[in-house]
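Each in structure tokens, the structures are laid out below.
Next come two complexes, and both contain chain A; in the first it sits with chain B, in the second with chain C.
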Partner chain A sequence: MHKLYSNKLVIFSLVLPGLLTFLIAILAPIVLSVYYSLTDYSGLGAANFTGLANYAALVQDEVFWRALLNSVLLALGFICIQHPIAVLVAWKLDRLQGKAEGLLRCIYFLPNVISVAVIAYLWKFIYNPNFGLLQKVLELFGYEGSFNALGSGTAIWAVLVVLVWHGFGWGMLIYYTGIKNIDQVVYEAAALDGATSSQTFFRITLPMMKPVIKYNVTLAIISALKQMETVYLLTNGGPGNETQFMATYLYKQASGSYKYGYGNAISVVFIVICLAATVLMNKLFAERKEAV
Partner chain B sequence: MAKAVQLDTGKAPGAGANQKGGTTTKLKNLFSLLVCGSLLASTLAGCSGSSTAQNNTAASGGDDAVTIKVFSNLTDRTSGQGLIEQTIFDAYMAENPNVTIEVEALDDESYKTKFKAYATGGNMPDLVNIWCSPSFLDEVVAAGTLEPLNADDYADYGFTEGSLDGVTYDGQIYGLPRNTDVLGFYYNKDMFEANGVEVPTTWDELLEVAQVFQDAGISPISMDGQDKWPLAHFINCMIGTVKGADTYATMVNSVQNSDYSDPVWNDTISAAAEQASLLFQPGFETTDYATSLNLFVNGQSAMFFMGSWEMSMAPDFEVGYFTMPDFDGDGEGVIGAYNGGGYAVSFSSAVKEEAIALLNYMFEPENWSNLSWKNGVCMSAQDSTQYLTGNETALQNDIINALNNASGITGMTYNDLGDSAYKTLPEDSTAEVLSGMISVDDFFANLQNG
Partner chain C sequence: MVGQEKKGFRISTLLLIVLAVIQLFPLIWLIDFSLVESDQLFTSGILVWPSPFRWVNYTRALFESNFLHYLFNSILINALAVILVVVFATMASFACTRMRWELSGFVSLLLMMGLMIPIHATLLPNYIIFSKIKILDTILALLIPYVAFSLPQGFFLTSSYMDSVPKELEEATVIDGCGVYRTLMIIVLPMMKASIATVSIMTYLNNWNEFVMAMTFLSSPDWKTLPFAVLEFTGQYSSDYAIQFAVMTLSALPAIVIYILLNKNITKGVAMGAVKG
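Moving on to the complex of A and B:
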């Protein structure tokens, strides 16, 4: 069997399906995307070569920078709000044991098994200033006006709340699995040495979770950058372009405005940013590993 | 890949001849070949699956069997316009047993995206929905996506004057309009009566009515602001009451020359921006179509601004309809109406003649025009007077009276008069100025700078 796997033809055959999939489904679209980003293609008719005109326009496009800023904000929201809470909840869940552990784990994960469309409309209704739950709660506390959380000025924060809430279950579950994989002997030894709960968390749980944290944080950044469905259904980038994210703006330009070439320029920049973010995260965690 | 297989087949005898491999080596080589072969076969099978499926489809139909693929934006096939469309298709298939009609339906935005994908891929379905406006059709026609139709075929179809203008390019028609869409206000008659207000005939009266409802804690007008185009229609209707018969020419001139210096622009945009919070429900800029309709149907707003295609709504109160009150109060003007959706035949269709035959069948006056009116769904772009039954609903009568009493119609709105890339600019800018996100000056600066 070992010799069989050493056979170059077999190796080639085993690699080929994956390689073909990569070439056809990933590399070819990226190459085409780069090509079309250098044209004024509208999606129909001829594509005229325009050089770097789309990229020049992109640099001056305020909405693009706004979309990028929103994506960065979301990534920060994930890293600074969602993930610390997810780690704490996962750790607490692990300590709970018994039936409560399973029940709460299911409850926290529940939003992730609900369709994105349902989630978007659920929050859309909660936020609605005419009949929404939020408005009614505010009225209970004596608020007399109409509060449109998805309106200008507050929309981006309202969207961030939904996205952070919706993605919480996944993050928590991955951290929870990471914690479960930590050898109980370590905890027992710490207990024998008289370690407090917080000491156990900061000196044992967190350091041993580093690989999981690295994976989860990288995933969170990529997820923030490619955020599309929930925002599209919740606000469609509005009001104005206040809640525009990279992916929704790309879609709007390519499909709504028929600026296919311009949309591809956004997608190329989008790919570069995603790659840079991934490399940066790998480097950041690798350096820390060396430091340890 | 074939080369790899041939190479292995050639090596095996050689390996045996030079005594380097015995039976075990041969078996291993054979096993390697089997592994390679099965993997390659499965890969190739995956790649060639579609063509095999296509061949099967073609073979199963028989010699004179025809399958017409229809791409529709009417997703609900059990009520409204979707039901009318499906009913006509079913009747056509019953009359022509050799014809099978396959419908693929998507909602508007998804439809437009996939339409472009089909056009780019050159595999457009045979009969497709279109929008009879430059923002949709200009590039589609220029790219040669649609089959030209013979205008003489429709001489007796009763299409109303000007209704084919939107699908005509260089004297050649490329599709047929489906409806005449009148834009206006559906209103809750019970609510109007309970609050002692009459149907407004001027802009100032509309503001007074809105104030009455605001004071009563009721949203005056339910508006779909998230989709933005209804807001552009609202402005278009306002301009129609001022410019009258010159409305369309004014719009075209402004859009084509980026010239918005006609005072009507500033007057209407300023007034609408100033009064939007009085007229529309809170959060109108983030309210979608379904929610805005539901606000009205559930009695949470007194009026609903939308097109006549909603005439089949049946809430548990009596609904009336009126068009945009006179903005400048001179008693003249036209109503907001245009021919929006329609149908065309794909140029690349393999069953072009059959698709045109189906299209012609759909628009024989006793079909679309008759069925859509009798079922209270919408008004066709054809003369429907012969199909008036006398049993029309009050809402239908309100709409038909609005159209009959009008001195003219506005035609397409400004957001649909440029090319496709232009469309989002006026829609975004209109939504932003009406929701107070940008100033009126910024609105015009946006449109002028493109």
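Moving on to the complex of A and C:
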């Protein structure tokens, strides 16, 4: 039997399809990206080797830093606005029981299953200064001008609102299952000891949720870095470059500005930042666990 | 004490309801104005009672766009992606968790690496690779990256599940003379039902709404997916808002139906992905 289980040919045939897709669609493009990032390739014609020129330019590129800042803002939006509400809602939802619990859970998650294309265009219409939902709500409160949320100055906030709104259900659901996994006996014991509901929340639910919170925060940071689709359709990084994210920016460089080499330099740095963030978060959270 | 509890309950219920309204209202607004005439968007208040209901917006959206064609593409591509991810992930995780070979740890690591790589960083080089191997504008241009980027998660879920399944049963079948492939098909796959369901759902959620890769790698309508119904229609009927709203509602509908049907499984899937992630 051991012979059968260490048959190299069988093993090879089992992992080959997976490895092959990985090689074609993930590893090869990364290698190619590193190569093109060292050239001045425009997408057409010849690629001349330019060394680290693209990377040197990237460090001084204000738009790149702006994109990184926008990711940080989005991560903060997730962690400081979306998550506290999500934890609270998940906790209340768990208490609710019965039909309302399932129905509300369904409603909160619903925007998540809807295509980003629909969501982005829907919010474009909501933000429309002529007939949008936001404009009408503002008029209801006596506002008389016409407000373009996607205009200069407010655009990034308008984009953040959409992203925080769209992702709310996912974050909530993860907290919700975390809370569901807490043993009811713990709550019963707390109730016997006469704990109020806010005491239960802060002294029992939150501490027991630590691993889930850590996981969710990591996920939020990574997804803030990876953001592209919604922003691409809502503003395409504009007005100016106010709402640029790393992914929209690299795409713009390659497809709109014919700086294919430069776009690839952004790709490479983008990958490095994502890897670094993942490793860093894991380290940070693992160390804390040891310290406690 | 009782009064306080009640008040607390009311405030929290209010919070739940307000949030439900915030999450749902934009969608209600969308559906509402997909059933009226375009002009009414300018003239009426926040919501309007459609009289009469203009279903013609929907029939036009259905038949004057590529909606049905794109819907078919979406279903086909996603079904194939789900099947391939499940099969590849189960095969690879069986090899890496059960069989004995020196590189199993290294291969696991490689496959998991994909979890951390941002999809969009591969857009530019993949365009070149796909054009070199001549698969641009074919179904493969979507299928390969969709499978590749869902595989790490699938591999992770199946291999951690396989770790928790006892080996004795399959070992017995192997001794009985079944080969590894047959054991995999007859014994292992049926035992993995729960994790296969999770992998399928996560793969579906990952890919159903994807459009950036489709936008980059496809040029003709042949293999375009559902999101393009929205993207193309908004250009085509730029001032006919009601029809655009109808197309958007229609495009959202299949995912909503699937969600309602698989609600429990999706909740479980997200949870399983989370707890084990």
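One rule holds in what follows: the second predicted complex is superposed on the first by the 268 of 292 C-alpha atoms of A that agree within 3 Å, B and C clash if a C-alpha of one lies under 4 Å from a C-alpha of the other, contacts with A are read in each partner's own complex, and residues count from 1 in each chain.
Following the convention adopted for this analysis, a residue touches a chain if its C-beta (ideal position, glycine included) is under 8 Å from a C-beta of that chain, and two chains touch if they have at least 3 such contacts.
No experiment lies behind these values; they were computed from the predicted model shown.
Shared-chain residue A:131: touches chain B and chain C both.
Look at A:59: by the touch rule set out above, it reaches neither chain B nor chain C.
Touch criterion not met for A:80: it reaches neither chain B nor chain C.
Applying the stated contact rule after C-alpha superposition, one finds that A:189 touches neither chain B nor chain C. Using the contact criterion defined above for the overlaid structures, shared-chain residue A:151 touches chain B, although it does not reach chain C. Annotation for chain A, partner touching more residues between chain B and chain C: C. When both complexes are overlaid on chain A, the residue A:177 reaches chain C alone and has no touch with chain B.
By the touch criterion stated above, A:284 is placed in contact with neither chain B nor chain C. When the two structures are aligned on the shared chain, A:14 is found in touch with chain B and with chain C.
In the superposition on chain A, contact is made by A:235 with chain B only, not with chain C. Residues common to the contacts of chain A with chain B and with chain C across the two structures: 4, 7, 10, 14, 17, 130-131. Residues of chain A that touch chain C in their complex: 1-2, 4-8, 10-11, 14-15, 17-19, 21-22, 24-30, 32-33, 36, 85, 88-89, 92-93, 95-96, 102, 104-111, 113-118, 121-123, 125-126, 130-131, 133, 136-137, 140, 165, 168-170, 173-174, 177-178, 180-181, 197-198, 212, 215-216, 219, 222, 225-226, 228-229, 232-233, 247, 250-251, 254, 260, 263-264, 267-268, 270-271, 274-275, 278. If you check the complex, the residues on chain A that touch chain B are 3-4, 7, 9-10, 12-14, 16-17, 20, 42-45, 124, 128-131, 146, 148, 150-152, 155, 235-236, 238-242, 252, 255-259. The part of chain B that touches chain A in the complex is made up of residues 4, 8, 28, 31-32, 35-36, 39-40, 42-43, 109, 112-113, 116, 119-120, 139-140, 142-143, 145, 219, 226, 281-283, 285-288, 291, 295, 300, 419-421, 423-424, 428, 431-432, 435-438.
Across the complex, chain C meets chain A through its residues 5, 8, 12-13, 15-16, 19-20, 22-24, 26-27, 29-30, 41-42, 45-46, 84, 87-89, 91-92, 94-96, 98-101, 107, 110-111, 113-114, 116-126, 128-129, 144-145, 147-149, 151, 155, 171, 174-175, 179-181, 205, 208-212, 226-228, 230-231, 234, 241, 244-245, 248, 251-252, 255-256, 258-260, 263, 266-267, 270-271, 274-275, 277.
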